[in-house]
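First chain written, first letter: the chains are A, B, C and D, and each begins at residue 1.
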Amino acid sequence: MAEFYLGGKKVYYETYGTGGEPILLLNGIMMSAKSWTPFIENFSRFNRLILMDFFDQGGSARMTGAYDHAIQIAAIEGLLAHLKLSVVNICGVSYGAEVGLGFAVKHPDKVRRLALFNGGARTAPLLRDIGRAWNEAARAEGGLAYYLAAIPVIYSDSYYENHADRMANRQKNLVPYFGTQEVKERLIRLTDSSENFNVVDKLGALGMPVLIVTAADDYLIPLREQEIMAEGIKHAHRVILPACGHASMYEQPLLFSALTLGFINSQNGEFVIQ
Amino acid sequence: MAEFYLGGKKVYYETYGTGGEPILLLNGIMMSAKSWTPFIENFSRFNRLILMDFFDQGGSARMTGAYDHAIQIAAIEGLLAHLKLSVVNICGVSYGAEVGLGFAVKHPDKVRRLALFNGGARTAPLLRDIGRAWNEAARAEGGLAYYLAAIPVIYSDSYYENHADRMANRQKNLVPYFGTQEVKERLIRLTDSSENFNVVDKLGALGMPVLIVTAADDYLIPLREQEIMAEGIKHAHRVILPACGHASMYEQPLLFSALTLGFINSQNGEFVIQ
Amino acid sequence: MAEFYLGGKKVYYETYGTGGEPILLLNGIMMSAKSWTPFIENFSRFNRLILMDFFDQGGSARMTGAYDHAIQIAAIEGLLAHLKLSVVNICGVSYGAEVGLGFAVKHPDKVRRLALFNGGARTAPLLRDIGRAWNEAARAEGGLAYYLAAIPVIYSDSYYENHADRMANRQKNLVPYFGTQEVKERLIRLTDSSENFNVVDKLGALGMPVLIVTAADDYLIPLREQEIMAEGIKHAHRVILPACGHASMYEQPLLFSALTLGFINSQNGEFVIQ
Amino acid sequence: MAEFYLGGKKVYYETYGTGGEPILLLNGIMMSAKSWTPFIENFSRFNRLILMDFFDQGGSARMTGAYDHAIQIAAIEGLLAHLKLSVVNICGVSYGAEVGLGFAVKHPDKVRRLALFNGGARTAPLLRDIGRAWNEAARAEGGLAYYLAAIPVIYSDSYYENHADRMANRQKNLVPYFGTQEVKERLIRLTDSSENFNVVDKLGALGMPVLIVTAADDYLIPLREQEIMAEGIKHAHRVILPACGHASMYEQPLLFSALTLGFINSQNGEFVIQ
């Protein structure tokens, strides 16, 4: 529960643990630092865990008008300077994976390892129009249209069916939340900020090991986008999670933790048996 | 261009060709008999082709109030009686695949071969809520919200990108169309008519060869639903189309034609090499 | 049951049917024209079917010493000249797919449509060494080592289990056959003839529609090789057969027939719905 | 470098590190405790690492006559008693995964976490006959036939091509090794010991979290076998490694380490975001 200011705008962050490799966990679009509460104990045992809210998320400043990922990358730059960290490990999910990738491409020397869950190297035309669909639904009265546009599609077919009670509960809680004008406007701005995201041509800058986790039933980031990203990254290590949707840290929390912590805390390169 | 009446309600149909195995082509939800115009010549060379509009589609009667697939199955029953056809081959896409499957389960003796593109044996909870998202978007003013909710997601990521001009053109034509109240209401009713579709427990009735075509990038009917369906069908023959979305007859028209015509016009069972 | 001579060497062939598009069916390495007997009736109803034995197969001449695909391509050239056919449709499986592809790359104007089952555009290093394993096993006494090296791996895991009786019968028949010195020597030469096959850089010559059928459980021609091939072909139409191994015409005879006949007898290009 | 005796037969083992969750790493069929040398430092930082040789491997006793997995399971039982460990985490690859699974099914209370790479819950008929092919090739003179039968097929198509130098070097070293009669006889016995392995019906005994790692290009343990295994395990966590073959710890050593260490060192169950 801490904060710093960047150009007069508050950036909210939290840190846990003291030793080990630092891990900066970056949020998906509808998340906040608070979303990671159940992961904190596990992530701070062997590592220093850093959580933050992007602008227009959780405890960080609200924006007005359009912006793109550059301001979120600036927030990360500011946070690392504030914490006096010259190098960090980054794990991001969805929006956080893409902002994290943008940061790594800009500052490859500041990122030791990069773990990307459910993110691509660009906003493909199909994803762009899915985002526009969400924003159009946000303009309808109440929160139901937005809920139905944005939530079911982020789960796998099997999770959605096997956790019907949990989904019903989420709907009950989220429809009023999405019905709030301030929430809608933040989500519209965040979604819009990804519309022109494209670092495909800059991936060659990455020299560190990069973990790319694809969920087999991720309808937003299909396999093809993961292949486009992996082809451009020198040390890409790919994993596919079967029967898992876009929100892999929800559907497969143990695998999310295992992959992230294992990847960041393992050594590399020496493991070749002669 | 012909019609007959069922309980006072018009059913529109077309027939082409005279000889060979008859093929009844069943429409997807946003299609009509007219959608198949470019396929007519090919499908009527060796076969008798039959097209029809479901209720609330094209030239058939408009409904009021809620209904389910039973009335569409009744339309098929009526059409076969009207044409004096005791046995037919059925090829359906999406909604048409599901109504066709429902008909075959009810009348297995009337279906010689069944070719199912992009359809499942039930409306899974995720698909049900995607349908509700479309209907919620239909309630927004104009046609843009509905277009964005329902159209991008039926294409594959790669087709959507590689045919950006065609998609832009579709958007230009479809947004005003979807903005029409009468169109919205029909589509809402058709979508609602599938909400409780589930013939998983009745698939054992099918003794004929069934072709199941899965598009690898079909975000509405994922692989799992195809596997659930195939497991229940005694003579299921499965094919997967890579880099193809829900509208397989749009994205892969040659494969759609080849698979349907080849499957219906080939003999079965004798082809085992000793 | 006919033959012609090429440079003094016999080429055995068979033709069936008279009208329709001609289809030249090319054998896999352990097959002969006789292998297709159960398919003849179906393939000659709407088409003129042409079967042939490659050199070192069935009724065609035995070779001595090493050779490559060029002599098999010459046999096709000779057969077309003999039959006075200037253009033909080619369907090949495995070895036959690769020789057929080599022919099409050399004579793109002579091939109207090309259907390739379980073949690639090159012999990848792994496949080369699998072939060497077969040939090394052929040098062991008797036919069991060769049978075990070459036969189980061409079936899918599921087919092998579900047709245990059929496989036991095949083993009983094939072990003595593979124990024959003349048979072993032919198979060694045929396998060796593919060792340097590579037309990846020549695929741009192909302007005709090409059907590429991948079996999901084909351990000899993995998905990656199919993607390498498809990327180089302008009008590639891809299909994946789940739960199917390298011998797709054995495991899925109805789909083999449907795909080949449907692809060759369907028109192309006009099928785009506006 | 230590040993104990079981019924008069030596079992060789090594231990590293002192604290943290103990990890017992179980070998594939052609491996020994020495194969893990490059992994020791990484695996013993946060954990106590235990390596062992199965009977007929490395420093453990040679057998005579046929046996099955029961003697290898007895070796594990003996080792845990010798080390006074009542509960352990097990990670196994291939043969080691299957023996480890057999141990866990017999002693579910002794296994805290189980990580299974490239192993199934049974020896399917196809795999049985692939094993017989290896053993038949072992009976040929010299080591080349065995090398070609058993080695290429354990790599992915892409690894085999991209590491041609390494493969050539392996061939140079392994052909003489496999040409040794004593080595051949051990490998034949080890392969035979798996022939009747089948614990599919006993998987319900497992209550601990089980990590199942499938390599997409594993020609020995296809996806279907992994699905059969996963269906029977209550807390199965599945991961697929694309472009990876049967020897996943060779082809993807960083992912092997990350998955194993992350899975064993992460907590479970609390990670569900409300």
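A few points about this structure:
Criterion: contacts are C-beta pairs under 8 Å (C-beta built on N, C-alpha and C of every residue); 3 or more make two chains touch, one makes a residue touch a chain.
Remember, predicted model here, so these are calculated numbers, not experimental data.
The chains that touch subunit B as well as subunit C do not exist here; no chain meets both. Interface equivalence for B-C, evaluated over C-D, A-B or A-D, points to A-D, where over half of the contact pairs coincide by residue number.
Computed from the mean C-alpha positions, the centre of subunit A lies at a distance of 37 Å from the centre of subunit B. Distance from the subunit A centre to the subunit C centre is 48 Å, each centre being the mean of its Cα atoms.
In subunit A, the positions touching at least two other chains are 243. Chain-to-chain contact here is organised cyclically: the chains close a single ring, every chain touching exactly two others.
Contacting chain pairs in the structure are A-B, A-D, B-C, C-D. Partner subunit B is touched in their complex by these residues of subunit C: 35-39, 41-42, 45-46, 209, 211, 216, 237-243, 249-250, 252-263, 265-273.
Interface residues of subunit C, counted against subunit D in their complex, comprise 124-127, 129-130, 132-133, 136-137, 139-140, 144-145, 148-149, 152-153, 155-158, 160-161, 164, 167, 217, 219, 222, 224-225, 243.
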